[in-house]
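One chain, chain A, links the two complexes that follow: it is found with chain B in the first and with chain C in the second.
Presenting the complex of A and B:
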């Protein structure tokens, strides 16, 4: 494998990080919104959110990606491959994230909310001051786990020509007739990305501690 | 102690009814609590005591009847027909302090943060002023040294005293207690009861659900016995504990007072 080939793999890694990162940045809050809508049983929206989650959880990312890439332009909206890729990953991960957030919401201690209501906190304040500061800590491991799954599922967007790590590696392999070195390098890159992600989680958990830990 | 006829009424509950499905939990309950009075609510498990307290601050919406706090109706707008919005209800609830059997502290907040949370974010009072008051309150419940601890580090008795300080920080017109000592180890009951007695003597207006008969006997201005969603006997503690008027009260006292 040449130096240039390795550089193109690194480009692929950058693209994987960019598109997965953007997908996660959109998908985590979107998942939270979906979870809230279902948890609060918002009329009309809650059943729609439930159907959305079931549908997205059962659609392969590759299929969804192709669907978005080819269907969105028929609505008269231009969509580039990167945008389609980000949208795919965001929509898929939002569905899974919403289940993580929702589990945390459903398990949230009712007595704390009762106290918050008795003390005159409206719903928004309860969410912001009482629920969320505890919920994110509880949900963090699940969310990071989902993020690692997403990064590993991200080669799906190669079908629409996005040269992320795996596609870059395949291309190098095809050009050099030596598929093994680029694939090994690709594996190393994924492992590095995931290790950094999990390291970040550890750091945040250490830094911000457990709920109610001594400051 | 003052006479209920001559003092200003803080809480006035009239004809409250509440059912869960076919289970009638409150069946026309009326009672008053005068300013600076302590009224103790007694009754067997399931008699509707907690539901009554929860109806007072509208955590539970009563089916019929009305609740007045210092003359103002709770849950229903002036005029008497429109229900209050959630925001309006929240404002009314902030006028009432509540102390829970299981403390219900917020575990991610330190002791002092638990106390200042609602005054700052609900009542929107100045932070400096609220913090200074909270320190005084903590001192009053004997927990000045624990101000920066988290609830998980406290004993049950300490948690409940924080719960009481948290309720007081709202400067409520009325304090509701729902079995504040029932979840405590016996040796920790005393410290909480002592704080409550001090409050009662200091002029707080309190409606207290309790199984702590000594507290009722020594501190209450009035004792009310509930059974099956109704008030079955009302009286001054002296008379109630020595000469109960009803057979139901005699049975209850035999079971609960050793």
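Presenting the complex of A and C:
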């Protein structure tokens, strides 16, 4: 494997991080919205959100990616491979994130909400000033954990030709007729990325995990 | 769009064949991974520190690797060592290898939190060696592990979809085939996704039954 081949693997790593990062940036707020809808028992929307979460949690990312990439254009909407990849990861991770947010919401101490209501705080202010500052601290370790799982699921988007790490490695393997070295290098890159995230998770748990739990 | 579902229905035999492969691969993969996982869990819990630490290192490393990468490593790697097999077997080997690490970690977590008293009582009654494991430790571990093993089985079912990339004829591969031939992407993949959903719901129901059994036995 040449130096140039390794550089194209690094490019792939950049793309993996970019697409997974975009997926997380969309998926975390989307998951929060889904959790709020279910928590507040919004009529009509709450059951839909529940079905969405259940369905997406049992859908393989590969299958969803193929569905989005091939079926969305039949609706007359053009979609590129990158967009399809980001959308896939965002939709999948939103379902898992919503369960993390919801667990935090369900465990939220009711007495605080009652006190806030007694002081005449409207719902929006209660959410912004009382719930959210504590909720994100409780949910952060779970969200970072889900981010590691998402990186491990991200090779699914190689199936539609996005040149992320896995795709870059198979391409180098096909060109050099020696698939093993690029595969091992790619595995090393994933391990490095995931170890950084696991380290981040430990740090986050130490730094923020306890504060919310005690409040 | 309804036209698409008609085509998929006409070729439902291909989906069923794919589904059978998905189910067989998942179940066989889970059972074998659980068996090997027991052995690895025993190594993780070994009193020999070097063995325990070395095993922990390998298990942790395995849990950092994306499943598809491991599939490629098995698929391209093992033939270089003279071990040649077809795609289906390569897929199964990757499933087993990957999930052995996860199963071992699940079993170890429960084993570590097992009440000491039962094991101490068992040794006091003269249980040792193999009988201590088969009669005292593993029955307790397996019953408590039910829900987590169920979760892992759902993960395995979802992971089998990756095997479409090395052309294993499983459910996603079957849906892809129908879609490529008749261009009915929406119908083909939606049907596949709903089948995955049903499979996972089935596993969840099974897990619930095991949990009930564990409650009764407690």
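Here, the second predicted complex is superposed on the first by the 198 of 215 C-alpha atoms of A that agree within 3 Å, B and C clash if a C-alpha of one lies under 4 Å from a C-alpha of the other, contacts with A are read in each partner's own complex, and residues count from 1 in each chain.
One rule holds in what follows: a residue touches a chain if its C-beta (ideal position, glycine included) is under 8 Å from a C-beta of that chain, and two chains touch if they have at least 3 such contacts.
In this text, all values refer to a predicted model and were calculated from it rather than measured experimentally.
Chemist: Sharing chain A, do chain B and chain C clash or fit in the superposition?
Modeler: In the arrangement built by aligning on chain A, the partners chain C and chain B fit side by side.
Chemist: Specify the angle subtended at the CA centre of chain A by the CA centres of chain B and chain C, expressed in degrees to the nearest 10.
Modeler: 110
Chemist: Count the residues of chain A touched by chain B and by chain C, then name the partner with the higher count.
Modeler: Greater contact footprint in residues on chain A: C.
Chemist: Should A:129 be classified as contacting the first partner (chain B), the second (chain C), both, or neither?
Modeler: The first partner, chain B, only.
Chemist: Taking the superposition as given, does A:107 touch the first partner, chain B, the second, chain C, both, or neither?
Modeler: Once the two structures are laid over each other on A, A:107 reaches no partner at all.
Chemist: Applying the touch criterion given at the start, work out whether A:2 contacts chain B, chain C, both or neither, answering first, second, both or neither.
Modeler: Neither partner.
Chemist: May I ask you to decide whether A:184 touches chain B, chain C, both, or neither, giving the answer as first, second, both or neither?
Modeler: Touch partner of A:184: chain C, not chain B.
Chemist: Once chain A of both complexes is superposed, is A:175 in touch with chain B (first), chain C (second), both, or neither?
Modeler: A:175: touches no partner chain.
Chemist: How far apart, in whole Å, are the nearest Cα atoms of chain B and chain C in the superposition?
Modeler: For chain B and chain C in the superposition, the minimum C-alpha gap reads 30 Å.
Chemist: Taking the contacts chain A makes with chain B in one complex and with chain C in the other, which residues are shared?
Modeler: After superposing on chain A, no chain A residue contacts both chain B and chain C.
Chemist: Can you list the chain B residues touching chain A in their complex?
Modeler: Contact set of chain B toward chain A: 57, 59, 86-87, 90-94, 96, 98, 100, 102, 104-108, 110, 117-118, 121-123, 148-153, 166, 170.
Chemist: Across the complex, what residues on chain A touch chain B?
Modeler: Going through chain A, the ones touching chain B are 111-112, 114-123, 125, 129-130, 133-134, 211-215.
Chemist: For the complex, which residues does chain A have touching chain C?
Modeler: 54-55, 57-64, 66-67, 70-71, 74, 151-156, 158-159, 166, 169-170, 173, 179-180, 183-184, 186-187, 190-191, 194-195, 198
Chemist: In their complex, what parts of chain C are in touch with chain A?
Modeler: That would be residues 61, 64-70, 72-73, 76-77, 80, 154, 157-162, 164-165, 171-172, 175-176, 179, 185-186, 189-190, 192-193, 196-197, 199-201 of chain C.
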